[in-house]
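In the two complexes that follow, subunit A is the common piece, with subunit B as its partner first and subunit C second.
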Partner chain A sequence: MASENHISQYSPRQRELFIQKSTRVAASYLRRAESLEDPPEALRPFFDVLGRIFVDLEDVPKPVGMKTVGTYCVMVPSELIWAAGAMPVRLCSGSYTAYTIGDDLVPRDACPLVKSVMGWEIGASPLYENCALMVIPVTCDCKKKLAGMLEQWKPTVTLHVPSSKERDADMAEYVRELYRLIPMLEEVTGRQVTSQSLAEALNQKGYAQYEMSRFLAYRQNNPPLLHGTQVMAVMNTFAYMPPLEWAECMRRLNDELEQRLERKQFAAKSNRPRILVTGSPIMYPNLKIPLLIEEMGGMLAADETCMGERALYDPLTVTDRSFDGMMRALAGRYTRPCTCPTFTDNRQRIFRIKQMIKDHQIQGVIYHVLRGCLVYDYEYPVLEEELEKEGIPIIRVESDYNEEDVEQLRIRIEAFIELLKLKQFSEQKARGTA
Partner chain B sequence: MKLQEKEVSAYKTEHQNIAERLMREMPLFKEAEQLLELVQTHFSLAARDTLHPKVMILGSAFPEELVYAFGIMPYWVLGGSLQTGAWAGELAPRDADPVSRSILGFLLGMGEMARDALILLPIVSDSTRKLAYLLRREGLKVHTLDIPPVKDESAARKYERQLELWVEAISAHTRKRFTRRALHNAASLVAQAHDELRRFLRLTEERPALLSAPWRMLICFSYYCAHDLPQWTELLAGLNDKMEASHTRRPSRASGNVILMGSPIYFPNYKIPFLLQDVGLHVAAHLDYTTRRAVTALTIEETADITLSGLGQRFYQADCSGSYAKNGTLQAAASELLDSRDVDGVVYCVLKGQIEYDFELERLEGFCGERNIPVFRLETDYNQQDVEQLRIRMEAFSEMLRQRQYQKGVAV
Partner chain C sequence: MKKIKYGTAAVWIICALLTLAAFFAKDFVLYDFQMMPSNYAYTRSEAKPAQASSALWFALGADRELQYGYDDGIDPAAVLLYGKTEEEVQPLTSADMSPIREDLIGYFAAALPARQENGRTVHDFARADIGPHTYELAPREFNIPEIPFEVAYAERKYIQVFYQNQLLTDAEVTVTDGNGSEAVYRTDNHGWISGLPIETLRSGFTASYSPDDQNVYRMYYLVEDYEYFTVHFFKAHIPLLIILALTALGIVIVYFLREWYCRKDPAYAVYGRERPSFGGGNPLRERTNSKFLLIRWLFLIFGFFFWTYAGKLIHQGQALNQIAVPVFSCPFNLDQTLESSCYYLTHLPILFTRNWGYILCFLGTLFLSLIFLGRMLCGFMCPLGLLQDLMDQLRKVLHIRPIQVTDRMNKAIQPLKWLWIILFLGFVFVGGDFCDICPNKVFSTALGGWWASYALTGFLTVFLLVGSFFIKRFWCLMCPMGYLLGIFYKFNLFKLKKDCAACTECGACYEACPMRLKNIYTERDKANVQTVDCLMCGECIHKCPENNALRLTFCGKDIYKSSRKAFISKYAPKTSAGKERQTHGK
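And now, the complex of A and B:
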């Protein structure tokens, strides 16, 4: 990511220490996710990808000679980037070590995700270094300012996401934004975005979403077939793999889950409180919340985050196969079902969470707020009020990119799980099934 | 929302205290006092029952000519009150900036006033996004304006289209047509007011002894409290005439001439200007996007052939708020001020939660450094708890500026 000038600010010793520390943390979280009891064999390729990028610090697995385009949000249509002949990679970072570097580069109250992104300017990861272009959707104040900062080092495009999605005029604006992006992508790759290349990219993503929908059906199983932390790791890898390859790995995982279901081989017992995590993004290796939930006896049964189900749950529907029709379908797909709080009116998120609670038989909700992530914080009281009506307990946990708050979080999450267990017990008692 | 007696009394006291502090300085002109009264009337709780504005504007990032063009006086809510911030309660998160918190609380507490109004809300930050949501939940009619985060040609077109949507919304709400003639008349009305405001700013810079910085800020702010713009313009013109006629000698150069920049400072949150005054720093100029508007607004001559597009472009291109990915306009405005004024330092105020201003600071420090001008960043909110801390820091800054002057060989 960084220009030579910026890299030269850091001594070789600093970079060496950075690499040692960041890879050690990434490896440790990967090991913890892998070691959750009885992981399916088909998870291996997903873990390998994470290990390759964050532990071995190698570039993403991609076709030879293909350029990568970095994105900073799920609202960037990856299909457009594929159609232009480049590979999209998600650059939102969850690295604690990069966060410590970024802490000196951006204001104190900036969110840890942005600090962590800026920390990679140390020049240690080919994921950032090799990007030919960065696309930054303006979804919050920090991302907006990040765009201004990143343009000093890499060619960047700012994508203006409308603040509301109900009006046709807003949709039309987003379609224009996507059209504006095309020539910039074409310039990077030297390839034109054609109807054919776009349709092909749409189909590939469609296949990935089909496997995702199968996977979501297995995920709803109670007792669970897979640990939620492992699911989050799998979801993270979509940002670093070609869709067909990811879908193929997913197909194998789905097949294995099917067999496990037949054999009644479950990842945990059904008496574990089923928890949904929603809120600020959970980027690998920052898996401390999912791990804490599962290590403390809970089951992370679903997540409503942009690095989890939100990115893939809703498939694209193209009714008009013309180029413009596909562009409109893309604009619609990346905004209308999106429950990101960047939108002014986000009642849809409440409906979505309520639906997920029903589908996944959720007993409690953990609302994760990264320090400084104001848009999520604003939505908490409203969600709390709505879930109170449904009798679903919810807690807000605020965290940062370091391990200093782990014990505090552990105590709170443990207490929450105890509360859910007590509630579960009293409900069973009332039904006479305790 | 029903306000408690205690809340009402705290709100009244907050405004009263600032007004009394201003009056202690005894301005030389009765027009200044009248403008203070106008501000007090605007914020009076009686307004809740007596005023029923058709259009309310939250923040100042919107060309008000578009509202005047419908023959309507907009009611501005800029959010400077600590007490209305408390009315928002837990609806606004802990880290929300005090301006948004104050706006939210005001609209909840004064809900009756906003019941039939169309609330225009430019989306300038994360808080404004969510404010729209919360206000709609309260049953208020909110129309938002997306401000493109970069300033290029395509963004400029987009801004124009957004304005067209606003015009449609105001037109639908007021059931009045928008015409070019009405726009021209409205632009002239606003331009007259801004011409006087520019004259006022020039006079206060030329004759700083006539009015203190807090008074100057109050009079600029009173523009947003005017319920009859021609009358306000007349009042300011009267003040300007008297200031022009007064024979006050230019005082010797102050030892600490500073430019106050960063987050906007709205009445009654005058903690910072009062502190600057207390420690002997002279505010040579004040730069935030609300104050800058007075400088960059259209002049009477420019309104002759005004169009919606022209008006929008003028406003958008001159907007120097922090709500852009990288705002060259803010840097240009700061450079212009630093080069044209005899300035010793910059006081950069960041309201807690307004992170966009913190991001801008690095660049500002860069070009101030090139000019050998020190920048003092202070972070605050609307509470009074940090006043003494800020005072100590400001005194140290003031002392440092004095030392630098001695070193330069300029006798104080």
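And now, the complex of A and C:
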């Protein structure tokens, strides 16, 4: 009912324009990502899913009759939603068109992600419209207020994420939050979360993460087998596919990458500077920064963002097979290793990035800050200081959800890549003479 | 918050009650083996045992009937027979012995008037201790003028020698063992003979002593022995069965109390749906094969057999029983192959009555274990550790959720640990006996077939078993011996190391750690994360998903390290393909 009111605010003409514009932008970014040289054949199903949702504006590929539950952060345990018999979808949006609509609904200094999410209330996407429930972890002020606004539109649940992780009581709090979520999910689906259904969901996610861990080994290869932008798109699709299907597609991709490795068919030469992107979330279709890096001759070798590796990297560790044991494991897995800056002490993110630099042979770091994303901005100086000690160059780039800042970003990223190349060259020279 | 305060208060109350109870430990009798002398017939033995160098002897027949025997030419009417009741020593006639009178507690002695033999005066006696070792142990010695020379079982594997109703100190006593061979032992200044082989004790022996050239005193001494898988052996398990029944009751009570408590909580109301079940039902793929953990289980099982049965099964094994290793296995079971150090650690004054060689050997092996192995012994050797791990496995099989030990709860348990340490080392100095309150006395003795009675120790065993059902390695959290084992952790050859950069702080090690050691996952500077409480059980490494983030080293060499591949391979698509076909089929 509430949603009807919201839709009626916008005229059919306005919606038509919105649909035209948003699908055009989505299609163009998808094309740019696809057309990076020599994409593996197995990437097709992933791009198809993104195209289906954001270009054709269809619902997610889900089993018939299954309800969807929208989630807003990596801290919502997707396993729990699957166990209740619903399909989780990520609703964090990267749409520039929706951003322009949301700009009028949300204060000026709010982050573009929230604005973009609010823009979808225009009622154009079944992804949002078909959601039976929205789950929003309170991870920053914008998300907190977003939860309040979404309540007018859809039934919502907020999850209170502890602000620190040191005490066991914090963890126990989050376990309780997850327990509170269960009856609400059950109400939506009419099915019960049982030990069996939860265990089944954990196994499926486990299989996806098994394929993911295989994939990571190929991703660390130098020269690269795959473009980082494509990897980010692939990671995005996990939020819109059932885990087994995703894992199966991933298995095919892994098999193809294995063959490519044997044939020495690389996506780029090894002399491209290997770059890590970290910071604010990068949602499809807002792929401008990854694309700029790779179009300017850099190699996006790894990412430490919540829509990328972070969502799938950490496996679930169940130490006790009881229902409570699994719930505790879920609460632990979605908070403790999470490097989200919502936590007061987030020193572990620096260690994580350092380890990724080692694993992926990173030469430079691009710190992405969405305008208004304060929590990520707070952590930049600390990381800069730490990486300076390691001798890894880092730049901070701020972006918004529009294409007006692309040229400015292009210049900065190009200069950074040139700097990395120069450094690489002088290092090679020094090694040659020594 | 409130709950935790109650928890701390509860621990202090438990401490106070335990201290109080420790002093009256003997009065809380859980199980007392009663002598049923009528079970023992009394017959004449025909064959003279090889070890009987005296003219009188006792023996046990095939049906465990007490037999007596005497040399040819002895007038049986001249033999004086004595038996002990709980109060006093009574002269007996053959009427009292067939069947054996019910108030006799199983200690019998026979004396033959002095005779002339080969120009010397020979005094022959015989003794038999049959039946159980009751809890309130009556003194074994008879101490009557008619029996001036006497040997009696002091405790465990030591015997006392009396001469003219005084302890015989610093004298040479000849012992004839089961093969008929003789050996000379010297009593120490407490009248104890140590170093007597356990086979000799078991088979019965004759001790003879000559105070001068004219007199020879000989006593044949029989302590009841038993065989495995006999009625006698299985009867020894009765107290353990009672304890297990009480444990089951305790588990049911704790389970329902918790359910009742949780049902008031709306967030946890969902628990009501989860019922314990036998096997099956939960398809979660959580187990990964780990050679290291398999080896650990094998070591634990081996340790259990080693400390419970090996001494009897391998007779040569007894040669090692001067060596004391600090694991928790009750030394009242004399079949230990190596000795458990706990007896002398809890009875320090008794240790210093032993000869210096023994003390040095004891302390030497103790400190070598402390310094080089440390709590590795807890994780790999301790029979009590195996028992707790088995209780934990039982809980997992039943799908009952554990009680989670939080850091606050762990802190609250500390006073209990210190209390145990104080009682462990110091209780003997205020006239107590730690063995009366040791919760581990039951398993080793009962399973080994030793008839021992249990006082407070039996109740504490129930406490331990219920605790370890809900909390993995519950006893290890407060084990005094374990703490002593840990104090030299800096010198241990085994070390737990961490790669702080590789760690993602996912807390899996913390969740898996039976000792709830938080530093393993919070440590960010040091590579060595071993602490005084670490059992080196390898659970954290087993559950760690990061490559080489945690490793166990021996002399600097890695023996077990965490690996992503090993961790995640449980989800490998062997059966996933099958599941996938199922979902596609829908």
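Here, the second predicted complex is superposed on the first by the 430 of 434 C-alpha atoms of A that agree within 3 Å, B and C clash if a C-alpha of one lies under 4 Å from a C-alpha of the other, contacts with A are read in each partner's own complex, and residues count from 1 in each chain.
FYI, a contact is a pair of C-beta atoms (placed from the backbone, for glycine too) under 8 Å apart; a residue touches a chain by one contact, two chains touch by 3 or more.
No experiment lies behind these values; they were computed from the predicted model shown.
**Student:** So if we stack both complexes on subunit A, do subunit B and subunit C clash, or do they fit?
**Tutor:** Fit: subunit B and subunit C sit side by side once superposed on subunit A.
**Student:** In the overlay, answer first, second, both or neither for which of subunit B and subunit C A:17 touches.
**Tutor:** neither
**Student:** Let me test your reading of the model: by the given contact rule, A:140 touches which partner, first (subunit B), second (subunit C), both or neither?
**Tutor:** In the superposition, A:140 touches subunit B alone.
**Student:** Going by the contact rule set out at the top, does A:164 touch subunit B (first), subunit C (second), both, or neither?
**Tutor:** Once the two structures are laid over each other on A, A:164 reaches subunit B alone.
**Student:** Output check: A:422 vs subunit B and subunit C. Expected answer is one of first, second, both, neither. What do you get?
**Tutor:** So A:422 meets neither subunit B nor subunit C here.
**Student:** Which chain, subunit B or subunit C, is in touch with more residues of subunit A?
**Tutor:** Of subunit B and subunit C, the partner in contact with more residues of subunit A is C.
**Student:** Is A:180 contacted by the first partner subunit B, the second partner subunit C, both or neither?
**Tutor:** both
**Student:** Return first, second, both or neither, reflecting whether A:107 touches subunit B, subunit C, both chains, or no partner chain.
**Tutor:** In the superposition, A:107 touches subunit B alone.
**Student:** For A:411, decide between first (touching subunit B), second (touching subunit C), both and neither.
**Tutor:** A:411 sits against neither subunit B nor subunit C.
**Student:** Considering the aligned complexes, could you tell me the closest Cα pair distance between subunit B and subunit C in angstrom?
**Tutor:** Minimum C-alpha separation, subunit B to subunit C, in the superposed model is 5 Å.
**Student:** From the superposed pair, tell me which subunit A residues show up as contacts to subunit B and also as contacts to subunit C.
**Tutor:** Looking at subunit A, the two contact sets intersect at 167, 169, 176, 180.
**Student:** For subunit C, which residues are in contact with subunit A within the complex?
**Tutor:** Residues 266-268, 270-271, 273-274, 281-286, 396, 399-402, 404, 406-408, 500-508, 511-512, 522, 524, 543, 545, 564-565, 567-573, 576, 579-580, 583, 586 of subunit C touch subunit A in their complex.
**Student:** For subunit A, which residues count as touching subunit B in their complex?
**Tutor:** Residue positions touching the partner: 106-110, 138, 140-142, 144-145, 147-149, 151, 158, 160, 162-164, 167, 169-170, 173, 176, 180, 341-346, 372, 374-375, 377-382.
**Student:** Where on subunit A does subunit C make contact in their complex?
**Tutor:** Going by the criterion above, the answer is residues 63, 165-169, 171-172, 176, 179-180, 182-183, 192-196, 199-200, 202-204, 206-207, 209-210, 213, 242, 244, 247-248, 251, 313-315, 317-326, 328-329, 332-333, 336-337, 347-348, 351-352, 354-355, 358.
**Student:** Which residues of subunit B touch subunit A once you look at their complex with the stated criterion?
**Tutor:** Where subunit B meets subunit A, its residues are 90-96, 123, 125-127, 129-130, 132-134, 136-137, 144, 146, 148-150, 154-155, 158, 161, 165, 323-326, 352-353, 355-356, 358-359, 361.
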